[in-house]
Structure formats: structure tokens, C-alpha cells
Amino acid sequence: MASKQKKMTPQQKNYQTLQQKHELKRPVLKNCIKAFLVGGLICLIGQAVSYFYIYYFNFTEQNVGNPTVATMVFFSMLLTGFGVYDHIGQFAGAGSAVPVTGFGNSVISAAIEHRTEGFVLGVGGNMFKLAGSVILFGVFSAFVVALIKTLLVMWGVL
Amino acid sequence: MLKGQQSWVFDNRPMITATGVTGGPFEANGNLSSDFDLLYDDLWMGQESYEKAHRLLLEEAIKVALKKGEIEKDQVQFLFAGDLINQITPTSFAARTMQIPYFGLFGACSTSMEGLALSSFVVNYQGANYVLTGASSHNSAVEKQFRYPTEYGGQKPPTAQWTITGAGVALVETNKPGQDNPVTTSATIGKVIDMGLSDPFNMGGAMAPAAADTIIAHFRDLKLDPSYYDLIVTGDLGRIGHNTTAELLNKSGLKLKQGQFQDCGLLMYKEDQPVMAGGSGAGCSATVLYGHLLNEMKKGTYKRILVVATGALLSPLSFQQKDSIPCIAHAVAIEMNGEKG
Amino acid sequence: MLAMFFWAFVVGGLICVVGQLLFDVAKLTPGHTMSLLVVIGAVLDGLGLYEPLVDFAGAGATIPITSFGNSLVHGALQDAQAHGIIGVLTGMFQVTSSGISAAIIFGFIGALIFKPKG
Amino acid sequence: MKAAYQMIVSMSLLFLTACTQDQPVKESQMALMKTTNPAPLSTKRKKNVDRVEDIKRDVSSLPELYDVAVIKGDKDTLVVYKVKHMHRFKMKTIEKNLNKKLEKKHPKENFTVSSDYKIFLESVRLNEKMKSGKLSHSKAEKRLEEIVKMTEDMK
């Protein structure tokens, strides 16, 4: 943004200040509260699901994350498929986008959306069009972090 | 006839004899549902994809207009139409179905007035006896292309606008004196204006300067005063763009009366519908003008109106490549026949 | 256990508030925000801070997308311990596979049975 | 409006499903909900009682912990405990320190130390069965080894 602002003509700058007056402000505080409540609620449900797995299946606290995440993604599929998740998203913002259900939603919504283009080119090709960047940056940053840490350990720094 | 720098005056007063307006479920719940000829209660409209539903919207609107105009499609010389989807395929495919010689237009949401201006020009100079013009948009198809999948749970800011699902088509023909129909009298073609805004969730703010520029040019070229029109209506500026334009016009010395300046995107929906800053899309100005506004004119509510359709000429690629949003606006003046003099 | 639920709610909620601030104040797109959060998760785990947070908040730390970065690093480090530097490459998905495979599988099932509602 | 309604319905549905999942939990066992503090046991009944009591006292003396269960088998001694919530950040350090401390004090024992809820739950379940006397020595020993193995898999 900053680099672009430099290239702006005075006329453009003038207009933008004028326009800003009329721009509807995002209700940041309200959005944050909603994000907190819904995000917290999703994590609470996640916690309940993980205790369910601890009680009735052979999962320990350490590895219960995997079935919990899978279950949450499953819930996300149902909510996305029945057309509810986008309404939750409009209400909760990051509250429903940041939890893994939001990751699931971004994959599943893209998959459903592009089924009209066929299963190979549509669903297959577009499934990760939103979530792909998360995987890319997750994997790459994890690679860098793990590499640095491993090297530090090898050289005896840590 | 060229007048001033960028305006046409249509001395032969081409006449809008019939219109066809179709809409989707969201519009059915809106303010103007009674002005639609055909409303679908499902976004799919019985089709396999949103793009095909989009095509159907336009085809049905054309059929309604032809039926109301009581002519056959092979009597129509040209079709001027467009939409927002990749390479305007929905419109082109509808033109394939209709088999009417076809000019495909792209002016984003300003397509409706671009088409009406061109049709009027062609009819005015006897280039055709009957011309169809229109524009359409389909909410889900447009969302899919420009934003996110429809089921994606992203939060839209309050500056965002809601793309309407609908098509508006008008049949323009040579003037037959004595008939009580709306006629087009002049048009002003806008230039592309870019004020450096780049937020695709604030189209209204980006388009406002283009609308103001065209409106100012219209009054300058035609040497008219704003009080000449009962109503000056913008296409789909939404709340933010509309207020900004009003301020820009005020600053330039054009005095508008209370209620004289309106926006199609704001007329369309009820207050409690979740459309954020208002409706938008190529079909927005087309459905509101060819449905609601012309009906009101025939009822006598308005005698002379100026319709200014605005368009944001961006693509998903240009926005991702961090380009700003270039915008355009075209204005067409519509009066009731026999009002002259 | 009740404390666990409470802290899961609070910590999970707070991570979402960070995301919301990135949306609203920094004006980032959802894609940028999620990518940034994943990177933050990976870095926090590299510093050894994410694991204690998981112990403390349970699902409050494992459900937000930040845990994705965390578990990627975890998998890589685990394998690195066993197989040296090559393990960094090979072990990456060992811990995280569940989230991605679940998303792929349910995404495809979803595409088979659902239509977008608009 | 319709959207809001749908949302409320789905949210409450989610809530309900989450609750029903919890229901049988409350009925069967409260091990994770409240402090159970089971008596320390050895798989060989009546033997090693002093030893396990001793271990339990040592573990309980740590201020960060509460609710300690000790089960001594032939080969391994399982020590499970809950960490006070505010100390959960340091859970790994606590575990290490406890292990060191116990090994120093009872060098003959082979300790398995865990704060994992799952291990705790299984230990309490085993403890109950052993107390009720339904479990033979070999069976108890087998189950204990299973639990110990579970902790090893975690690492």
C-alpha cells in the first residue's frame, strides 16, 4: 500500500480523503467480540470432541489432535454443504475462519463450487485454490524453522 | 448528433416500447419485486450451473420483451448486450439461442447504458428499426468469478455490495408519434477514471468519481440545469459511492434537490436484507430502469430522468496484481413521448 | 477438566481475535491472514512456545490454524532426530496429515453430495 | 433473517451433539472432572503397600500437582497426576523433574510418569477394577503394561 500511495497524483489523494469520509467503518470491536465468542465456541466444541476420543477410544492427549481435527473438518463439511457456514462466516469473521473448520470450509466450498466443471478439472483443480497458500506457507516456513533448529542442534548451539 | 464534447442528442427520439425484466429469489424479497416480469425462486433456475442460469435469465428477459413488444425475434435487427462473466459468455450464448445479430458489450455494470446509448444512436439514424439492448448478472456466478466460492465463509466488510441476480432488456424502435412511451433523448459517454482505489470490497467509492465526471459532462455538453430532470439515478454506487458522488456534484456547483438523486442499488433491496452497502452488478441498473423506473414514468411519477450507470472495469487478475480499479459511467436521458416543448 | 474447557475457549477465542484484527485493522485478505497465522504457528513452535500452549489450552491451541504450522514443524523435527537433516524434508506431514487428508476426503465427498446453495 | 435462523439452529445442533457426547461421560466416570485421589496400589495385593504409599506422598508433595495415582507392577511403576491448570505451561519440565526426583529416591523402581488425561483415566479405571478384586494379578499386570506402552508411543 505504501509504495502505491507515493505514485498517487494530488487529485487522487484529494479524492481519497473525501471518499474516506463516506466509507462505512468496519466495526472492529464488535467484530472482535463476535470472533472471540464464535472462535472460542468452536475450540470448546473441539475440546469436547477430544475428550470424547480420550474416553471412548485409545487416544492420549498427545495424539487426540488428529481425530479431533478430522471430526471438526467433517462438521465443517456438513455446515458448508447445507449452506450455513458462509452465514456463520459473515457473522463471526475470523472466529470461524481461523479454526481448522475454516480451513476445511475453504477447501470444501471450492470443491463444491467447481463441481460444475467436472471432477477432474473442476473439483480436483480448484479444491486448494484458497487453502493452497496456507499449505504452501505452512510447509515452507515449517521447513525453514525445522532446518534452522536441526542445524543449531547439530552444531551444538542448542 | 454530437453535442459538446462527448454527448449525443437523439433528435428522432428512439422509443422504448417494451421491456423484459427477470430476477432471482433475493430480488423477489426486495422492494421492487412487483416490477419484475419473471422471478425465479431458486438461484439454479433448473440449470446445471450458475453460468447456465445466468444465460437463462437473459434469454427469458428477451423473450418477455419480444412478447410484450408483439414482434418476432427475426424482426429485430440487432442485440446490444453484455454481462460480467469471462468473455461475456452468458450473453453470447443467449445470443446464439436468439439468433439476432449481436454486438457483445463489456462495460462492467455500465453495460446497460452503454447498450441503450448505442441502440438509440443506431435507431436514431435509421440503422435499424428494432433493437434489443440489455444487461444481466447472476450473484453466484459473479461471486464465483470475482470473489470467493459462494459457500466460503469469508466476512464481507460493510462497504461490500451485493451483486443482483437479474436481467433487464429493452426493445428500442423508431419513434411513432402519439404513442405514450418513454423515449431516449440524449446520452453522454464517459471516460475511464481511476482515483487509485484498489479495494474490491468498496466498488462504490471507486466508481463515484466516474459517475460525477459523466454527470458534470452531461450538463456541460447539453447546457442544461439539473432541475431539468425529475430524477437523476445512478446505477450501482451503493451507499458510500452515492453519498460521495452527491458531495462531488455539490462541490462542482450542481445543485440537486432532496430526493432528486437516487441509486438503483439502493432502490432494489429492503433495509433488512443483508446487502451491506447496496446492490450492484450489470443487471442492477438494467432491472431497476427497465422495470421500476419506466413503470413509474408511465404512471407519471417522473417525466424526465437521467440514468447514469457506473462500471468498475477490473478483473480478478488485475486486482490480484495490485492494480487499482478503473471506472466508467455512461448517462442516458429518458423522457416521456410528447413531452417536448 | 472444566478449567481446560474454559482455557480452550479463551485461548481459541483470542487467536481468532488476532485473526480478526489482521482482517479489519491490517486489511489483509483471508488468504494472507491464514498464511500469516500458519507461519506464526511454525515460528512459535521453533521457539518452543507452542507446545506449552497446547498443554495449557488443549483444543484452544490445536483447533486454530496456527497449530498446522506447529505440527508441521513437529513432524519435521521428529524425523530430523531419527534420520538427521533429511528428516526435515520427509517428516513434515507425519503429524499433520489428518487435517489435510480430512479436508481432501470430506471436500470430495462434499462435492459428490452437495450443491452450492448460493 | 432466514440465514440467522439457520445459523442459530445449526449452532444449537452442534452444541447439543457436543453435550450428548458428554452425557455418558458424566454418568460413567468423573475421573477427569473432579479430584479422585485413588489409593496407591500394587498389582500384587498386600505387598509393597508401604512403598507405594511412600511414592504417592513424595509425588503429592510437589506444589504444582494434585490428584495422584500410583500403580506398582512387577516391572514398572506407573505414576500419574494432574497438573494445576496454571502450571500446565511447564508440564514437560514438571514431568522431567518428577522423574529425576523419584529415580533418586527409589532407585530400584522403574518409573513411568505421566500427566496425560488418557493415562490418568485408564489408571483410575484399572485402579477401580483392582480394588473391586475382580482382576487377577496377571491380568492387572498385563493392563498396566499396556498403559505404560501407551505412554511410550506418545513420545
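Observations, loosely collected:
By written order: A, B, C and D. Residues from 1 in each chain.
Heads up, the rule we're going with is that a contact is a pair of C-beta atoms (placed from the backbone, for glycine too) under 8 Å apart; a residue touches a chain by one contact, two chains touch by 3 or more.
The structure displayed is predicted, hence computed values, not measured ones.
Compared with subunit C, the chain whose C-alpha mean position is the greatest distance off is B. Compare each chain's C-alpha centroid with the centroid of every protein C-alpha atom shown, and the nearest one belongs to A. Subunit B and subunit C have CA centres that are 45 Å apart.
The centroid of the Cα atoms in subunit C and the matching centroid in subunit D are 27 Å apart. Here the CA centre of subunit B is 69 Å from the CA centre of subunit D. Here the CA centre of subunit A is 37 Å from the CA centre of subunit B.
Contact with two or more other chains is made by residues 50, 148-151, 154-155, 157, 274 of subunit B. Under the contact definition stated at the top, the residues of subunit C that touch 2 or more other chains are 1, 4, 23-24, 30, 115-118. Residues of subunit D in contact with two or more other chains: 3, 32, 117.
Listed by label, the pairs of touching chains are A-B, A-C, A-D, B-C, C-D.
Subunit C contributes residues 23-24, 27, 30, 115-118 to its touches with subunit B in the complex. Remark: subunit A residues 26, 28, 31-32, 35-44, 46-51, 61, 65-70, 72-74, 76-77, 80-83, 92-95, 97-104, 106-115, 119, 123, 127, 130-131, 133-139, 141-143, 145-151, 154 touch subunit C in the complex.
Subunit B meets subunit C in the complex at residues 43-44, 50, 139-140, 148-151, 154-155, 157, 199.
On subunit B, the positions that touch subunit A within their shared complex are 48-51, 144, 148-159, 194-198, 202, 205, 208-209, 239-240, 243-244, 247-248, 274, 277, 322, 324. The touching residues of subunit D, counted against subunit C in their complex, run 32-33, 85, 88-92, 117.
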